[in-house]
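First chain written, first letter: the chains are A, B and C, and each begins at residue 1.
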Amino acid sequence: MADTLVWLVALPLTGAVATLLLPRQANMIAIGSAVATAVTAGVLVHAVSAQGALHYAIGGWHAGLGIALRADGLSALLLLMTALVMLAATTYAGAYFSSAGQRRQLWPLWLLLWTSLNALLLAGDLFNLYVTLELLGLSAVALACLGGKTAAIRAALRYLLVGLLGSMMFLAGVSLIYAGYGTLDMAMLTAAVGPGPVAWTALALMTAGLLLKAALFPLHFWLPPAHASAPAPVSAVLSALVVKAAFYLVLRLWLEVFAAVITPAAASLLGALGAGAVLWGSWQALQAERLKLLAAYSTVAQLGYLFLFFPLLQALPPGPARDLAAGGLVILALTHGLAKAGLFLAIGVIQQRAGHDTIRELGGTAQQLPATTFAIALAGVALIGLPPSGAFLGKWQLLAGAVTTGQWLWLVITVIGSLLAAAYIFRVLGHAFGHQPYPGRPVTVAREEWPALLLAASAAVLLGLAGLPVWGLMEIRL
Amino acid sequence: MNWNTWLPVLVVASSLLPGLIIFFLREGSHRLRTVLNMAGAVLKLALVGQLIWGVFHEQVYESRWTLAPGLDLVLHADTLSVLFVALSTVLWLVTTVYAIGYLENSPHRSRFFGFFSLCVSATVGLALAGNLFTFVIFYELLTLATYPLVAHRGTPEAMRGARIYLTYTLGGGMLLLIGTVWLHVLAGPAVFVEGGTLHRLPEQYHPQLKMIFLLLIAGLGVKAALVPLHGWLPQAMVAPAPVSALLHAVAVVKAGAFGIVRVVYDVYGVNFTDQLGLLGILGVVAAVTIIYGSVRALYQDNLKKRLAWSTVSQVSYIALGTAILGPVGTVGGIVHLVHQGIMKITLFFTAGNYAETLGIHKVSEMNGVGRRMPATTLAFTVAALGMIGIPPVAGFVSKWYLGLGALEAGMAAWVMPVLLASSVLNAAYFLPILHRAWFRDPAPAWPAEHLPAARLETHAALLWPPVVTATLALAAGLLAAAPYSPLEWASLIAQREYGL
Amino acid sequence: MLTAQWLYGLAGCLVTGIGLGNALLGSSLLKRVLAINVMGAGVFMMLIAVAYRGPDLAPDPVPHALVLTGIVVAVSATALALALARRLDREQDDG
């Protein structure tokens, strides 16, 4: 069963190479790889829940010299989310990019992005992490400037430079760690790292680099232009997955590798930055004139919620309360991934139909695409954090953690953020109530509307009602 | 999986599923839509009938689904939930008929009836909620389902009203959520148990429990239109009449009031609430709302706005009944939940009839309308008399029990003046309307006669619902002592609450 | 010698700092790209310093592997950045 770990990396990689070599069958190869990888991710989740954490040493070389892949509950859940989002986005991208030339450029990069995401989620040591982080950044930048618009290229260039800066800082931190502890394997480091100047500096460097990539306020400046100018399926993947990967790394570092080094002050700093992200991102989203810009700023805000969990996790002693909060964090991240991807795909449908995505002029298009409008509504419910979405359960845990640890500020921030989110979501939905008559034909869902609808429905309903296994899986640790 | 576990779920599903299907129907599928709606309503009625019988015989109906560790979605039927479910079901049936007539040939009917059914499903789910967590979930779902109904017409006024509605209800929802989370952290899941569970907590938690109570009541008070959180209600009048009828008689406002009843009786326990000194605060807020709402109603010329302010005032009788310690006061408050629902929906139906048939929106335009639309105006008269508290209409019964309960609880000194003043004010703003309608000569022409006088004074689907509900209001008062009447059921609830 | 290792490592930190400073404050795009490359060079110097294990042992291969990977990444990323910059320049000249 540990073979699934290798398959998860090999399948999209093979697909990427195959689409490069066989451009005429590229569409089919892409969909095929997508389905295969998604199925494998499902198998992995099942295997992890049945057998516990999985390890695989590539080539038989073990930790220290070799590349070790590992999967615990957290990585399995994120891998599944990645697979579902990529599967839906792949289906949509095939329809969105109409010209064969564009598709020839798209598919290899697309599948490489998926490979790097999977590899990052499965990496067991810091070296691997660095490599996959780079791969992720490069393929994301290349995808972001697909389509060739000047605004997109400018934003992609800024994204590239910021990403490089972050990677260099990360690498500097890695070198310090190696200097101090002589190993890069995360499991061994968790046991070895203790408080000291080496650990603090390394943590600061690595976190700074990752926060740049995760677009946490105030280092978020590159995200709105990049995500708003990229083609819709690419924006979906960037917002839902790529920034999440950087966040995942911060989570791993802070909760595992450097757990002994984290102080309440440091955790509160992250929390404060998260609070800033929630308020600033939501406020900007409320002012946005374009749908994609609104969605991009919404990502900035939603990532802030994830960082609000840090001071709570630090303050709660290990035990059931902490596990509840950690599970809440993960379900919030999963819901956001699905909902944000669904939102971007829906925006893509609208943009292609109407030729623009200006919010004020949406009325007629929203009426003609009831299924897509409904998808936006569902995604919106999940982004606000209303029941029955998974985000409601996540926010509940955030509020409960704040009350338990007496850190009321985060509770206030969460409430204000949710109300602001409601404001900007309903501002968009308000335009769906127009004077145009309801379609004379029954409500049909066009092929390109299904991915958005399914993603949004899973976020808004499925994860909320069937979310209990998340906590069960989170208990499986390495 | 036995029947007892499935019944609560089916009660919710009987309106949820038709609603979801209706969204996909073509605009012209009039018959299919009607069939789905009516089938769902009748099915729900049958299921609720069984629920009533079962709960009376102390059967346990409970469905449970775990959403997260320690957080269970629970649907549980007890005497109080059955009361509210029955009210919702009967009034939904009647309102559906009315809505079919009212919205004939207007656009977006599939969307309307879809959200209409979702709204009822949320209300029923809220009524059957077995713990505070479940209640909060359905409370928010209710907000989501009612927003499209308020915004239905799509005009700038409608959107503005809907925006105000959303601001108030989402804000209230947040307050309710904070209170629920805090309570959960303190005392675990707040399961609804007759007599409450919180009195068992140690003394040191009392200050926190007081804060939590205030948060919960504030959150619930937005929907229940307690002053000063009532601002959304008059603004929401831009909605079509069936929506106003449903919102004001059954769904939203009652959900808030129902929530207050639940928190006081089944979470805190009425004696414990009194011990914490919170019952007094609730009573004061209720009294202020009763008077303020009635005073504002006096100055409204727009008929629906006058009725809206009347709702603000009347729903607080339920809160007042809750604030009166003792079984008699409890009975008064709870039975008014039903009585006010029936009477208010009648008033809104008739207001809608006046608007649709003759273009009448203002009280000043209602001169002589009794001659042109006698059945409608008779229904209006019965309901208005009930609101004032004149026997034998149902409103009299509720006020009687409230007054009696206040006497028994030793609170007569301030409750009786409030009740009297409110009745006088009600008379002041209803009696002139009745006088105009019956005894004044009509103006030369009605503002906009849409339906000329034919065999029936207006469309059949618009005429029968108010007649039926007015008859129910009369019956609830006349036959209050009969078994299975709302009064008898409310007495049963009070018995089980106080452990008599 | 160990002092040489410390000197080399500190020099690497210094170079990294210079690169970081210019990357953040650089006035032109080309300057920033170059600054990031300089920063990379500084980090590589730090890694090479870490790899030194004394006069008797061969240097540690793991940091060397990191350096090689880093160089490859830096070159590819710089190439991409320059290509994008040139594309932008061309668009601005045309438009």
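Everything that follows uses one rule, which is that contacts are C-beta pairs under 8 Å (C-beta built on N, C-alpha and C of every residue); 3 or more make two chains touch, one makes a residue touch a chain.
Only a predicted model underlies this, so the values are computations on that prediction, with no experimental measurement involved.
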(message) By the document's touch definition, which label belongs to this structure's chain graph: line, ring, star, complete, or other?
(response) line
(message) Based on mean C-alpha positions, which chain is nearest the centroid of every protein C-alpha shown?
(response) A
(request) For subunit A and subunit B, let me know how many angstrom lie between their CA-based centres, rounded off. (result) 43
(message) Counting only Cα atoms for the centres, state how far subunit B is from subunit C in Å.
(response) 69
(message) Quick check: how many Å separate the C-alpha centres of subunit A and subunit C?
(response) 28
(message) Help me check something: in the complex, which residues belonging to subunit C touch subunit A?
(response) 9, 16, 19-20, 23-24, 29, 32-33, 36, 39-40, 43, 46-47, 50, 62-63, 65-66, 69-70, 73-74, 76-77, 80-81, 84-85, 87-88, 91-92, 95
(request) Show which residues of subunit A lie in contact with subunit B when the two form their complex. (result) 320, 323-324, 327-328, 331, 381, 386-388, 392-393, 396-397, 399-400, 403-404, 411, 415, 418-419, 422, 426, 430, 433-435, 437-443, 464-465, 467-468, 471
(request) Within their complex, state which residues of subunit A touch subunit C. (result) 65, 127, 130-131, 134, 137-138, 141-142, 145, 150, 153-154, 156-157, 160-161, 164-165, 167-169, 171-172, 174-176, 178-179, 184
(message) Show me the residue ranges of subunit B that touch subunit A in the complex, using the header's touch definition.
(response) 23-28, 65-71, 107-111, 136-137, 140-141, 144, 147-148, 151-152, 154, 158-159, 162-163, 166, 170-171, 174, 177-178, 181-182, 184-185
